[in-house]
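Below is the structure I would like to discuss, written out as structure tokens.
Each chain carries a letter (A, B, C, D, E and F) given by its place in the written order, and its residues are counted from 1.
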Amino acid sequence: MVDVGNKTVTRRHAVAESFVHFPPAAAAALHAEGLRSRKGPVLDTALIAGTQAVKRCADLIPFCHPLPIERIRFEFQFLTPEQLHITCEVAAEARTGVEMEALTGASVAALTVYDMCKALDLGLSIGPTRVVEKSGGKRDFKSDQAASAS
Amino acid sequence: MVDVGNKTVTRRHAVAESFVHFPPAAAAALHAEGLRSRKGPVLDTALIAGTQAVKRCADLIPFCHPLPIERIRFEFQFLTPEQLHITCEVAAEARTGVEMEALTGASVAALTVYDMCKALDLGLSIGPTRVVEKSGGKRDFKSDQAASAS
Amino acid sequence: MVDVGNKTVTRRHAVAESFVHFPPAAAAALHAEGLRSRKGPVLDTALIAGTQAVKRCADLIPFCHPLPIERIRFEFQFLTPEQLHITCEVAAEARTGVEMEALTGASVAALTVYDMCKALDLGLSIGPTRVVEKSGGKRDFKSDQAASAS
Amino acid sequence: MVDVGNKTVTRRHAVAESFVHFPPAAAAALHAEGLRSRKGPVLDTALIAGTQAVKRCADLIPFCHPLPIERIRFEFQFLTPEQLHITCEVAAEARTGVEMEALTGASVAALTVYDMCKALDLGLSIGPTRVVEKSGGKRDFKSDQAASAS
Amino acid sequence: MVDVGNKTVTRRHAVAESFVHFPPAAAAALHAEGLRSRKGPVLDTALIAGTQAVKRCADLIPFCHPLPIERIRFEFQFLTPEQLHITCEVAAEARTGVEMEALTGASVAALTVYDMCKALDLGLSIGPTRVVEKSGGKRDFKSDQAASAS
Amino acid sequence: MVDVGNKTVTRRHAVAESFVHFPPAAAAALHAEGLRSRKGPVLDTALIAGTQAVKRCADLIPFCHPLPIERIRFEFQFLTPEQLHITCEVAAEARTGVEMEALTGASVAALTVYDMCKALDLGLSIGPTRVVEKSGGKRDFKSDQAASAS
């Protein structure tokens, strides 16, 4: 694991995004049910699972450092009835960036949406999942492709 | 969590896939280094992290059942120098399907590839992530979109 | 850890209960907000945390066996505006009982309710937490004290 | 998860308590055995499980922050032969309080006592579990009900 | 992860052993204190940590299968005042052997003894750690070197 | 858990070592295969498992504090074809030492080597495992026995 001992503690911030795509009939059924499946509220469940995944990032990704996460914020928005946009924002005072935490959170939130809705249709798909922006380290990053990088 | 107590124990099988997309310069650098980054071998690391994630699926996805996973198999193939295709195959004797395990494995393998390569470029992106096929339950499923569902 | 190798695999079933007691002003505020705190929906969050805790029981309680949990079901009911009743029901085909899983689920659900509502008042309290009923082993058990053992 | 990035790092301290109630015959048997069950020493085991649970609090309770716990201290005292009083004290230099860690520790210690003693009687019960005192944040808290808030 | 789906479910059994070596003064101090350090009872704590580690083996060792562990049994014996012998016995009905579980249990028990006693002397050492015997699979194994393979 | 709240935050550093001993035929087979077993690359896998174990040390060893690990570095060297030497170096800015983290990393790396190679011979053995050096606390430590303490 890369030694970050000589890096400076700064406020690290990152945003990642992912998407879940629903086949039309599944989308219609989900919206008709007020975004609840028989397992429970889809987006609330995804938010919780994503939050837990952010905190477990160093346990999932072999060379990630354990970081004292201070902020996790999700947004869920249907861009169309068939396309759910997920953003995960993470911040910490740390010696290294939190983009893996944000990506892991967005990914697990998307996987949870899949799990909550798969009884409707197994043909849901996830992605693209990517970093929208990152700041606090040596160089800032801002995606020129991300839907939420306005 | 859905009661699966009255379902039959059968051999459950699922395959999921994901993709990692590399910007051209990052792809060139990665191939020039024999698919090693300074953190280590990219695909071996992704395989291990993905394997561990399959086993932790029920811990990550709130309403997944803990299952006695018997087989986890990954394949990594560059379809082009800039596009890595990942498949994750999972099998278990169980009362419920293993498609979430396969999706979680493919996702965490892709996230790990990102982590191993992000020093090259933060603009890598992941997806689509989807179920390729599933069997052993009430109804089989085969994607008509997946790259590996030939 | 007790050897259960010579016990019979049967359908094991257990129900546990817990309670959360709210000071009057906190109860009034929570109900006025439709059981949402600023952190999110109180009962949905407790259900998810409790479900995850059931699955992690053997990781939390030193001498519990890892069991293939097949069913987890929570019920939340306000007996009075100031008294929330939680039941957690667990089932598995296993060689040993699931009462610790049910107790752990009820306890962590109650702790999560506390966490979601503590901004209203730190004086919430939890309990009694106890086994309501248990079946599938050598001897069945039914509490003569539990609120839900009717 | 609430952003605590703008809160001050201070020495955070909290004490929680719980109780385990034993039916008379179970209490007598446990004391006759020197507080050992056939699984091992009851209170030592509860202390260890509770300590581990304090450290896993952010993994169990969805919106708890991961904190660098510096101190965990348990006390176990039989107030009567049938009533065990457990206190869990936690401290950390952190931006947010440690009352959930203390509550989680006291709860899991109590659950472990149950598990160690349930062969004696399944009718043990746990609670009330509550915060005794908390300091280091914006406002201190001291319970007017807790047994250990003297 | 190797596919064990076509292997037979049998009663799998394994025993592993490890040793902890104490410098003379540390050994004398530990025995004078009745095998307690200021952190608590050394062997009880090691037994609990080792038990938990057996159950987490598949989470620690990348290609181990999750197994329904049914029996975990430790023995601790001072062969001399300066040499502690640890054995860990594991059993499960499973399609693959439990020797990694037994080795992991013995190792983490030994590490815990180190942690409990390191204030006495950092010069304690651990090992050899090895499989004593294994049965239930295609071929049985019995070490010709292990101290406990009599 | 010992209160470290009044200790100073300093750069803590520790190195531990372990050994894996291979019977001659197993050693020959492993080297002939370029240090790959049918499960994958032996040393890369051990490095990853060891790294993850360092980060999970406080979850495995009951009274270890959770620490913000900043550096983990492994070295693997065959001293003879039959003797693999593993060192694990850990560093963190913390109030307490990281020797348990280093020992845990070296131990789990050795266990993983065993798992990767056990199909060759179950007679591999592990150890001695010990602390090579430690610095950053009240008193530095340097082993007079360790192979890597030059």
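Here is the rule we use: contacts are C-beta pairs under 8 Å (C-beta built on N, C-alpha and C of every residue); 3 or more make two chains touch, one makes a residue touch a chain.
Predicted, not measured: the structure shown is a model, and the values here were computed from it.
Within the contact network of the assembly, the step distance from subunit D to subunit F comes to 1. Shared contact partners of subunit E and subunit F are B, D.
Two copies of one chain, subunit B and subunit C, touch each other, and the residues they use overlap weakly: the shared fraction of interface numbers falls below half.
Rounded to whole angstrom units, the spacing between the C-alpha centres of subunit A and subunit B is 17.
Once the centre of each chain is set as its mean CA position, subunit B and subunit E turn out to be 33 Å apart.
Mean C-alpha positions place subunit C and subunit F at a centre distance of 40 Å. Counting only residues that touch two or more partner chains, subunit C has 2, 40, 45, 48-49, 52, 56, 62-63, 66, 68. Listed by label, the pairs of touching chains are A-B, A-C, A-D, A-F, B-C, B-E, B-F, C-D, C-E, D-E, D-F, E-F. Listed in rising order, the residues of subunit A touching subunit B in the complex are 2, 18-19, 21, 38-40, 45, 48-49, 52-53, 56, 60-64, 99-100, 103-104, 107-108, 110-112, 114-116, 118, 122-131, 134, 141, 143, 145. Residues of subunit E that touch subunit B in their complex: 1-5, 58-59, 62-63, 65-68, 95. Contact residues on subunit E toward subunit D in their complex (touch as defined above): 40-41, 44-45, 47-49, 52.
Across the interface of their complex, subunit E is touched by residues 11, 48, 51-52, 55-56, 66, 68-73, 91-93 of subunit B.
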